[in-house]
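A, B, C, D, E and F are the chain letters, set down in written order, and residue numbers restart from 1 in every chain.
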Amino acid sequence: MVLDAILILGGVGLAFGILIALANANLTVWEDPRIGVVTSILPGANCGACGLPGCRSFAEAAVAGTIQVSQCSVATEASRDQIAGYLGVDAGVAVKRVARLLCAGGTDVAIQRAEYRGVATCGAAAAVAGGGKGCTWGCLGLADCERSCDFGAIHMNAHGIPVVDPVACTACGDCVEACPKTLFTILPVDQPLLVQCKNLMVGDDILSQCEVACTACGKCVQDAEPGLISIASGVAVVNQELAALADARAVARCPTNAIVWLSGAQFTRAPVSEAA
Amino acid sequence: MWFTSGFAHGVHPPESKELTAQLPIRRMAYPKEIVLPLRQHAGKPATLCVKVGDRVERGDKVGEADGYISVPIHSSAAGKVVDVDWWPHPDGTMAMAVRILVDPYAPQIPRPRMVPHWEGLSVDEVVQAVQDAGVVGLGGAGFPTHVKLAPPKDFPIHTLIINGAECEPYLTSDHRTMAEYPKRVHFGIRVMMQTLGVSKAVIGVERNKPDAIEALTRTIPTDLDITILPLTVKYPQGAEKMLIHAVTGHEVASGKLPVSAGVVVQNVGSAAAIAEVFETGLPLIERIVTVTGHGLTRPANLIVPVGTKLRDLLDQCGGLTADAAQVIAGGPMMGLAQANLDAPITKGTTGIVVLARQETRTERVYPCIHCGRCLDACPVFLNPSLLGDLARVGRYDEMTDAHLSDCMLCGSCSYVCPSNIPLSQLFQVSKAGLRRAQASAP
Amino acid sequence: MSDQVPATFDDFLRGVWRENPVVVQMLGLCPTLAVTNSVANGLAMAMATAFVLLGSNLLVSSLKKWIPHEVRITSYVLIIATFVTIADMLLEAAVPVVHKQLGPFVALIVVNCIILGRAEAFASRQSVKRSLLDALGTAAGFTLVLVLLSAVRELLGTGALLGIDLLGPRFEPWVIMVLPPGGFLTLGVVMLVLGWHAKRSTGRANGEGAA
Amino acid sequence: MSTPLVVTASPHLKDRDSTPRIMWHVVLSLLPVIAVAGFSFGISALLVIAATTIGALVTERGFGRGDTLGDGSAVITGILLGLCLPAGLPLWMAVLGGIFGVGFGKLVFGGLGQNVFNPALIGRAFLQAAFPVAITTWPAAGQSFWTLRGDTFAFPFTSAQTDALTEATPLGLHKFEGTLTPLRELILGTTGGSLGETAALVILAGGAYLAWRGYLNWRIPVSVLLSTALLATVMHTVDPTHPDAWFMLFSGGLMLGAVYMATDMVTSPVTNTGRWIFGAGIGVLVVVIRLWGGLPEGVMYAILLMNALVPFINRMTQPRVFGTRRRVPG
Amino acid sequence: MSAGHAHGAPPEMEPAPAVPSWRLLATLGFAGALAGGLIVTVYSATLPRIEAHRAELVESAVREVLKAPARWDTLYLEGGVLTKTPSAGADRRQLERVFLGYTASDSVIGAAVTAGEPGFSDVISLIFGLEPTRGTLLGMKVLAHKETPGLGDKIEKTPFTSRFDGPATPLRGVKSAPSTPNDLQTITGATISSRTVVNIINNATSRWQPLLQAYLRGGTP
Amino acid sequence: MSDLTWILLSALLINNFTLTLFLGLCPFFGVTSKTETALRLGTANVFVMVITSTSVWFLNRFILANAPYLRIISFIIVIASLVQIVEMAIKKLSPTLFRALGIYLPLITTNCAIFGLAIFQTNRGYDLWQGLAFAVGAGLGLTLALALMASIRERLDLADVPSAAQGFGLSLIIASCLALAFMGFAGLGAG
């Protein structure tokens, strides 16, 4: 009987071995060799848990960069790292940059003209009479940015203004995309001089809408290094190329605190007096 | 008959036109100040051509057309330019506007004829004159009328369709225009037909305006082939594609302009405006506005100088009642709610509707129960239920596949949705989101 | 990650809970649901699987140096199939009734992704000792789920556990629990509870109350 | 004007119908059906309906998102579930059915509007699979109002102890004994069966009212009933031992199912073409299960199976967009 | 892979030096032989017990449905005839068979017949004892079924099984107590399953009874 | 009902491989996020099942008749090798077909529905035609289950599912509901 078994197994094995070898010789098609390598590191469970039909497809997707290696729940962490390392998908991080908000008009300082009803997103409100906010350039406070941030770096504060946690923020730019008022800008975290306003009206008219608006009075322009700050169509703008020249003097005489000298996160209060 | 004069789907909101349907058009008194946004039409905004301190007469240009798809802006009153700055626009944003302090003692007599006589002008000269007169579509979108009078040569036009449907509830300005100035409408049609070189014109009027139909029929010029077509009373009968379907029985292909179907659609107000421009020699500086609603003390149909602030206009109509809740520029189905009554009337403002609190939408939104009412309401046969679900999770690509681009934001779906889902608002936002996504894509 | 890494208790624990083959990795669902209509079946299945798992992990990790890369999967499959055949015969010889109840599912251990998965992901790279611990842990995790599910299903579905009547003669059994929908349902409820628990703990971690 | 202006997106008007209004109208139209059930099966019937409704409401309140009782949908689920159970069912089972239907048939999917399967029927399918005997023990109609039929007050988790007067349903009689109940009895509802089986005319009237108000889509019941009648007639002609269309239409839960359950808009297609297909599918499955299946009645399974196909049907029957020749891909 | 490679390229990343194919074949051959050897060893070890179990199963079933016969013959169906000794070339396992039981005094008790048909959930297979001349039943035992626990599985329990001692074929499934010798009371709540049992027996009887009678007469039917 | 029809219908509806026999659950839960994919996987499955059924029948008939103890090991070798050869052949002959179906083949090899088919077919002693009917029924049944699951999951992608239920938990509940609904087919063609 042992002979039987060995004969049958050997026979069946040999027959199909030869068939496969033949098929291999005659039917193979060239493909990216990295796919084979990645497949070999993958667990080979072909379980489909990644949502793709089998490890090979996963490898193809990983090589093509259409799936994250971490999507394979079966592979050990080490082999995931190994694949990532092999494919070089884990690039290093450059200078730390964070998202900064160009508006400080929370509900405490900026008025709401009308009651907005409808889809509770900034994008929707922006299309309906500017969401009823007095200043139509300002933050609507309906948190599209907070929802768009995959890293949980944005939280709305008590006055309906999004506060970015500079540690958690990865400068991915999702909030820049998400904000219908394009109030976010990505800046180096160590660049402390910021005009927190985008309204284009010149003069004190805007102050009836928002107490911390930039009135384009030009005091900061005079107090800063020449060329660092300019008034462009109704609002003070910091020239980022000269950011190295910035110092806290520029914010001292701003009548509305529209320009600020940051340390860490925005809207943490008191930085102005400290800097002065 | 019914087969050719209507369209499938659509909704029946309460008409509420009885408030103003029988009130003759009156001229309103000049306000103290007018505000003229440089952006009052589709296309490029006009460029400023006055400065603070200038004195302007009625009909003087304050802004020049910037290119072909643009029109000039003219002052609707004599007075002094006091400011040029950002000012609230009825579309909810801020826009550059010229503020003119109206001269209280000026006779408001215009300069002598600023638009040439029509007789003897070549087609090109007519088109140029219409542009110089600042005429834009008065049906709401404010598309420069002269562009539509000069369609590309490769699109032969066979019919001019005049949109007298006025399917929006409450509004009666087109109705009153047709009933009171039928001859002017016919004159406008004559100009347009001649310019377009078409031999056939159809005026589509909803059946709920028998006096307008009667007046137009009574005054029909014998030398022109003009048909007056009564239409089913249904919203949005006045939408271009629905109207074309009602008149010609054809569907304008998805993504195509009406010219592709050989027709041009103009609003009756636009026809009357062209007539008026050539009759009086004055550019477009005033328009007929229905000021109405259950939140308003004295509804009226008024001739209003363009640039009149809403506040002044409403004051002339006795002001708001205690339960007024919403002020809408345009009709209640597609108009824009106003947050700031300092915004001015523009050339495209067909009416001001003040809704009382009990008429406004409730806030509670329920989940979509897939009742399919929106599918039965959508005049372009979309699946708003699916689109709404996709919009909620931001799957714009799939919305494109589901023909979001064909949605004309008519709001029929939102109107019927029992779950109170703001569908058309979601679509408006999605369209914007999609545009942004496409812009940022390589 | 090789022989230098000493075997630790964590090799065992990982499979029991953190990387539980069923509720975390979602592998080997078919046997899990098919045989858990009674504790006896669940246990027998778990034992058979454990046997194959241990055997194949042992063999794979001790032979890993000799197996060329190109034919490793084929070899693993051969090894696994052998152990499955053995388990099948042993079960039939020892407890024919249970063997009959389990039907084809003993043979189906061959294609249970857990086993090939462990062989490939762990045993083919680690020391024999660690592989055994890993196999034990994975088997324990699998057994834990099978016993839990089958206990719930048998108790509610028949009022008994391991055939011993626990809930008394007046108890009305929930027949659904021993039927197919009951299998999906029970595991579904387990996953809902786990999901709810996970949500609650992350909620707490974020300093928010459970909503 | 004292309060600030309201700004909303257009359209600023909204027709009067709202989801709660639709739901409560359905509840209203069910009241006569409940009354007939009470008339036929007495106090037990009302207790069962109350129990399922309480089960449904408690679950909706306990696990739903916020205050959702007001929308009325859970009440409908409770009542309809009660209406497809036998009168003598122990109340604890009825409560369990309500809990299961709303919990696993609705809330896990996200609550109102999101569920794929009809919650009331999921509740019933659960009960039928869990307690197949209890749920097919049909008390006879027409005893005095106060008679308890069966073991209504059985202690939770215990089985029925009392031997009530039972009666096979017309479908059971046909399937297992080969006898046909006369149409008159079927229509008058003097037969055994679930609470809602015995009120065909009242159900039709309620459906007609809702269809007239636009709260249910008439295409679905028409399509279900037509396809059932058609197929039954064909089968009856081929083999006269199969019952005729009238028997098929008026026996079992077909009326309740066609009028109130297949029409649940959440779990039926959104397109009109889809609704015709959906209804026809139900009709065919009902006849197939009744004639060849192991169970005498198939309405519940037919509806649940077609529920599962709804996403598919919706995809295949997207409307043709104005100005195009092709359908929107779902 | 060693720790040194944890983040770099693992060894087999460079086009691996081809393993000679004889090694592949050798490995597989060795694995196969090992597998075959192991399996056969265990097979030989367990075979007696397994065979014993199976035999016992058949034996006890036949014993039960034939009311403890003293001995029985296995009859094979070959070429439409029942025979005790199939032709030499035939594979016995491929042939259908019945068991004919005798008393101690060598008179025929009846035949044990196996049969199966789809029930409520899946095929129900059973064995029953048939007295071939009169066509009465001796007993019935369910061999395999997938019917619902608590409902359909009553077909394998008393009192249902005990009802098959004595009734005459063809059976008639009835819901109430039997009134004729052909009546067999079905199980309330499992009508389908119990009817299937009745049908299986009726169909099998009409097929096997003539064959058995022919065999007993010693000729062809 | 004729034998072959019943075998086919039984494997398709009454004893649906996935919903009542719990076979092929990995793809049922893993590869059902898109209806399109699910349908293709199902089609590939029908194909592999037919191949499996035929080859297993030959194997049983001619090679394993005297060595039943080698069934498991031979089945797995034969199925795995055949699928691999078919995969290569498709890849070579029709890259489009490979894109559509071929990539699912490796996943199918280790799917217990295929192996279960082989074992069931052997245990029940099906002949060649019965085996084919069984394979087609089982394959279509799997396709049906996959397609239903996928279309439902696609719809629920747009639903506001409670976070605790998202993912696997919800899929299991859907499977439970589907299995409940499929109980309606129980007893079809019996009694």
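Rule of thumb we're sticking to: contacts are C-beta pairs under 8 Å (C-beta built on N, C-alpha and C of every residue); 3 or more make two chains touch, one makes a residue touch a chain.
Small disclaimer: the values here were computed from a predicted structure and weren't measured.
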Q) Starting at chain A, what is the smallest number of hops through touching chains needed to reach chain C? A) 1
Q) What are the chains that chain B and chain D both touch? A) A, F
Q) How many Å are there between the centre of chain C and the centre of chain E, using C-alpha atoms for each centre? A) 31
Q: Could you please state the distance in Å, as a whole number, between where the Cα atoms of chain A are centred and where those of chain D are centred?
A: 49
Q | chain B and chain F, separation of their C-alpha mean positions in angstrom | A | 61
**Q.** Junction residues of chain E, two or more chains touched
**A.** 1, 6, 12, 28, 32, 35-36, 39-40, 43, 120, 148, 150-151, 191-192
Q.
Which positions in chain C are in touch with at least two other chains?
A. 1, 26-27, 69, 74, 78, 81-82, 85, 89, 113, 116, 175, 179, 181-182, 185, 192
Q: Indicate the residues of chain A shared as contacts by at least two other chains.
A: 1, 4-5, 8-9, 13, 17, 40, 45-47, 49, 78, 113-114, 117-119, 124, 127-129, 132
Q.
Per the touch rule above, enumerate the chain pairs that touch, sorted by label.
A. A-B, A-C, A-D, A-E, A-F, B-D, B-F, C-D, C-E, C-F, D-E, D-F, E-F
Q) Which part of chain D faces chain C closely enough to touch in the complex? A) 90, 93, 104, 108, 126, 129-132, 134, 154-155, 157-161
Q | Interfacial residue positions of chain A with respect to chain D in the complex | A | 112-119, 124, 127-129, 131-132
Q.
Could you list, by residue number, the parts of chain E that touch chain C in their complex?
A. 1-3, 6, 12, 16, 19, 23-24, 27-28, 31-32, 34-35, 38-39, 42-43, 46, 49-50, 53, 57, 144, 148-151
Q: Sort out for me which residues of chain B touch chain D in the complex.
A: 11, 13-14, 92, 169, 241, 251-256, 320, 322, 324-328, 332-339, 341, 353, 355, 359-362, 366-372, 375-376, 378-383, 385-386, 401-403, 406, 409, 411-412, 414-420, 422, 424-425, 428
Q | Touch list for chain E against partner chain D, complex | A | 120, 148, 150-151, 175, 189, 191-192
